[in-house]
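Before anything else, here's the structure in question.
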Amino acid sequence: MKSFRGFIIKEFYHIFRDKRTMLILFGMPVIQLVLFGFAIRNEITDAKISIVDHSNDYITLEIKQKLLSSGYFLLQDDIDKDSDIEAVFRKGVVKEVIVFEQEFAQRLLRDGSAHIQIIADASDPNTANMLIGYTSSIIQDYQKSLKNQSSFLPQILPEVKLLYNPELKSVFMFVPGLIALLLMLVSALMTSITITREKELGTMEILLVSPLKPFQIIVGKVIPYLFLSFVNTATVLLLARLVFGVPFNGSYGLFFFEALLFVITALSLGIMISTISKTQQTAMMIALAGLMLPVIILSGFIFPVSSMPWPLQVFSNIVPAKWFLIIVKGIMLKGIGIEYLWKETMILAGMSLIFVSVSIKKFKIRLQ
Amino acid sequence: MNEPGYAIRAEQLTKRFGDFIAVNEITFDVKQGEIYGFLGANGAGKTTAIRMLIGLLSPSSGIATVAGFDVYKETENIKRNIGYMSQRFSLYEDLTVKENIRFYGGVYGLSSSEIRDKTDFLLKKLELEHARNMLISSLPLGWKQKLAFSIAVIHDPKIVFLDEPTGGVDPITRRQFWNLIYEASSKGVTVFVTTHYMDESEYCDRVSIMVDGRIAALDTPRGLKRIFHASSMDEVFLKLARPEKVGDI
Amino acid sequence: MRTIRFLIQKEFIQIFRNKGMLPIIFGMPIIQLLILTNAATFDLRNVQFHLIDRDQTTTSRKLVEKFTSSEYFIPVAQSFSDEKGEENLKSNRARMVLNIPGNFEKEVLSNKVSHIQFIINAEDGNAAGLTQTYASNIVHAFAMEYQSVWSSVDNPKQIKIDYSFWYNPELNYETYMIPGILVALVSMIGLFLSGMNIVREKEIGTIEQLNVTPIKKHEFIIGKLLPFWLLGLFILGFGLFVAKLIFNIPIMGSLWLIFGTAAVYLIVVLGIGLFISTVTDTQQQAMFIAWFFMVIFMLLGGLFTPIESMPSWAQNLTVVNPIAHYIQMMRGILIKGAVIGDISFQVIVLSLYSIIMLTLSVLRYRKVND
């Protein structure tokens, strides 16, 4: 036991003596959270649009004013030929073009109908959809103001109650996502590197002939990172509360317990990666290039899992970050306890168990 | 100060890292064609000194020339004229014997036909023809060391620097290794070698012994033994190193 | 120049000899491209909802029917108590509760204002916003049906709106995501491999041996860069080929332009990688720095969330984000058929960037230490 303690202390020294890595490890989450928290938005404001007005009468003027004063749109280029639209779109700045037909006001008043064409750059379908939605609702509002009737129609008023995030802030989504991303990659990457590094430098052999048991060696290597990840979690949480006002409705104890569990899952994944890779290079590429996009895309960090095609929904179940995200959002935003989260907790624990047993198996094979 | 006949000259060459003085005003010269042994305990400053001479590290003060070129300003000219084999292993483990020879030959500007000839010649000389396409990582250490030396002199440099070239190999291989050194020396190559095997220092024309960043003694092996009334270089070394080092052992 | 040839040859042998790495370099990007493309969608589907229908009339059932027959909503549970509904929201069984009050039919038919309630789990603000819009649209359409029963007056003064979705009329999300994900994957492989490269030689010790050779600094950097440059171009081409084959993505612009711009872009990415590699001491450090920048470049690069949505200071920051530029170029060229004149700004920025990064790497690479 004494040699084990000495070993852990040695591992701590290794990490903490390297000032630059320290700076990166502790500074990185802070910078990223602040940057992303302020910068990443899904809502659209100030989208650049162009208007082709073949009519230029008082009604088109009024509609244009309504659009541009809405806060959603900024007029980028005024073009006067339909043939210019293509060129404007290809530059990539303008996302929507609105075309008023000739004699717009006259047609509207005389014939009772006039045409507006809204063309969206649908290379980004999501933005295109939102922009067209905004535009048509503004035009419809204007249309309603033209005719003051419809008072005797039946009306069904939907009352909307948005639970857990009434202002629909994206940052409430990104904070839990970032915690998951940081913990996952830092833990998996760090352990996988640190173990393969000993293999590469040949020092693993030395450790293996020492009185330490292989199990102790692995645990000893992992404990400092466990500690480090914990500090990172706390920092990110503190920032999220203080800077972004993300609510925390659940229990801190449960939160840190679950974070600990997730870190253990990630660390054991790291250990597994290190047992299947010979060099640091391989380990790092698996941990970084292999995990980064799946953690971002398949975990529900940015894209809702339930909207994915069903094979991918099934597939996303093997991404530990997905379960952790459900847990974190549940605790922070919904304020629910273990009685709702036991399933996710069990899954994470089960995953850790699998990773660890695969590692032990691989490790033993290598020793024989 | 560049007289013909000297391969290396150093005058009060010094390297400081912050407060620590790794190499403290060492002065010596190495004649052309000489085998010069650069001895000292681990941490005495041998590697730092060698790194300054071969242009990997810039000195803090003092003067030195290697092959007539200044170690401050003309490092690239020095590099054209020297070979170097470091104590850390310097061949690519994931390349084969042939590929390593080819790579270093190419980097030193040998033509393709020269590389081909050299490869055949080296492999024959080292009796490694069967290992031509084996990965370096699969070779025993002794073979690697001999190969590394041969590659260090592949471009026929005027001077070759060897930093602990025989660390960890068996006596027979060490003997073979020194045969390679003698062979190079007989062709006029100056050899600058650091070692902590004192028996090896007997093979050198002259040796200097570094203690705590200074050159504590410099002479032929026979001369040193006479001065220190010792029967072997081992004894010379112990007499030199002990007074300061007693507490450490 | 001959020296560079030998360096490149050596790097290639090393890359292809490491059998553990080959599937990671060549297989993983393609697999990720195929899988992740389908997952990256903001389209809302399958919103599971909990129904509380206290009315239990033909009208209320008609409304529910409207919800269930749409492609957006799936009923998962039903009850008469609010608690059950909220319980299901908490346990993630449902994402919305549709609450129809007891006198719904009466109010609708007697032409009064009637109320229904959506309770939406808004953890994911974006999805919640969309859920709200879709649900309201359904209710609106439902109300319109009753409206036509009550009023047959045809409205004059109608502004008719025609929509056109250019470049992607079916609003296919794959078309949009593939160029971006491909760029992200190629960048990752390039940045990580180049970032590890020089520092790896430092760790193993072979860098010393190279530093005592007369190799020139620029030869060294070019020799290190070119293999990964070719590798990057190859993966990009292969990825495009697979994407065309399987997803039939549009390739409207010129392939020459795609690869020409990729050539410049890869120099920037690899330049950054090599620079990181020259300033670090261990592969571990190098990878952390590379990871740090990669995440920032990617999340702020318009890959997942539009750059236009970011606050203006963050939008200005994207000038130094190579991924943002290249994703924009790729989307422009592939989907819209942009020509070089349309992307001249990005081309200029990336060209300058590549020169700066290469110069920095060459300057920062030290053959002689202090």
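To keep things simple, chains are lettered A, B and C as they appear, and every chain counts its residues starting from 1.
In this text, a contact is a pair of C-beta atoms (placed from the backbone, for glycine too) under 8 Å apart; a residue touches a chain by one contact, two chains touch by 3 or more.
Just so it is clear, the structure is predicted and the values come from calculations on it, not from any experiment.
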{"item": "Intersection of the contact lists for chain B and chain C", "value": "none"}
{"item": "Among all chain pairs, the one with the most C-beta contacts", "value": "A-C"}
{"item": "For chain A paired with chain B, centre-to-centre distance based on mean C-alpha positions, whole Å", "value": "56"}
{"item": "Chain A and chain C: spacing of chain centres that average the CA atoms, whole Å", "value": "11"}
{"item": "Touching two or more other chains - residue numbers and ranges from chain C", "value": "18"}
{"item": "Residue ranges of chain B in contact with chain C within the complex", "value": "51, 54-58, 75-76, 79-80, 82-84, 86, 88-95, 99, 102-104, 106-109"}
{"item": "In the complex with chain C, residue positions of chain A that touch it", "value": "18, 20-21, 24-25, 28, 31-32, 35-36, 38-48, 87, 89-92, 95, 108-109, 112-129, 132-133, 136, 139-140, 142-143, 146-147, 149-150, 152-170, 172-173, 181, 185, 189-190, 193-194, 197, 277-282, 284-286, 288-290, 292-294, 296-298, 300, 302-304, 306-309, 312, 315-316, 326, 329-330, 333-334, 336, 340"}
{"item": "Residues of chain C defined as touching chain A within the complex", "value": "18, 20-21, 24-25, 28-29, 32, 35-36, 38-48, 86, 89-92, 95, 108, 111-129, 132-133, 135-136, 139, 142-143, 146-147, 150-151, 153, 155-169, 171-173, 175-176, 181, 184-185, 188-189, 192-193, 196, 200, 280-285, 287-292, 294-296, 298-300, 304-306, 308-311, 314, 317, 328, 331-332, 335-339, 342-343"}
{"item": "Chain C - residues contacting chain B, complex", "value": "2-3, 5-7, 9-10, 13-14, 17-18, 204-206, 208-216, 367-370"}
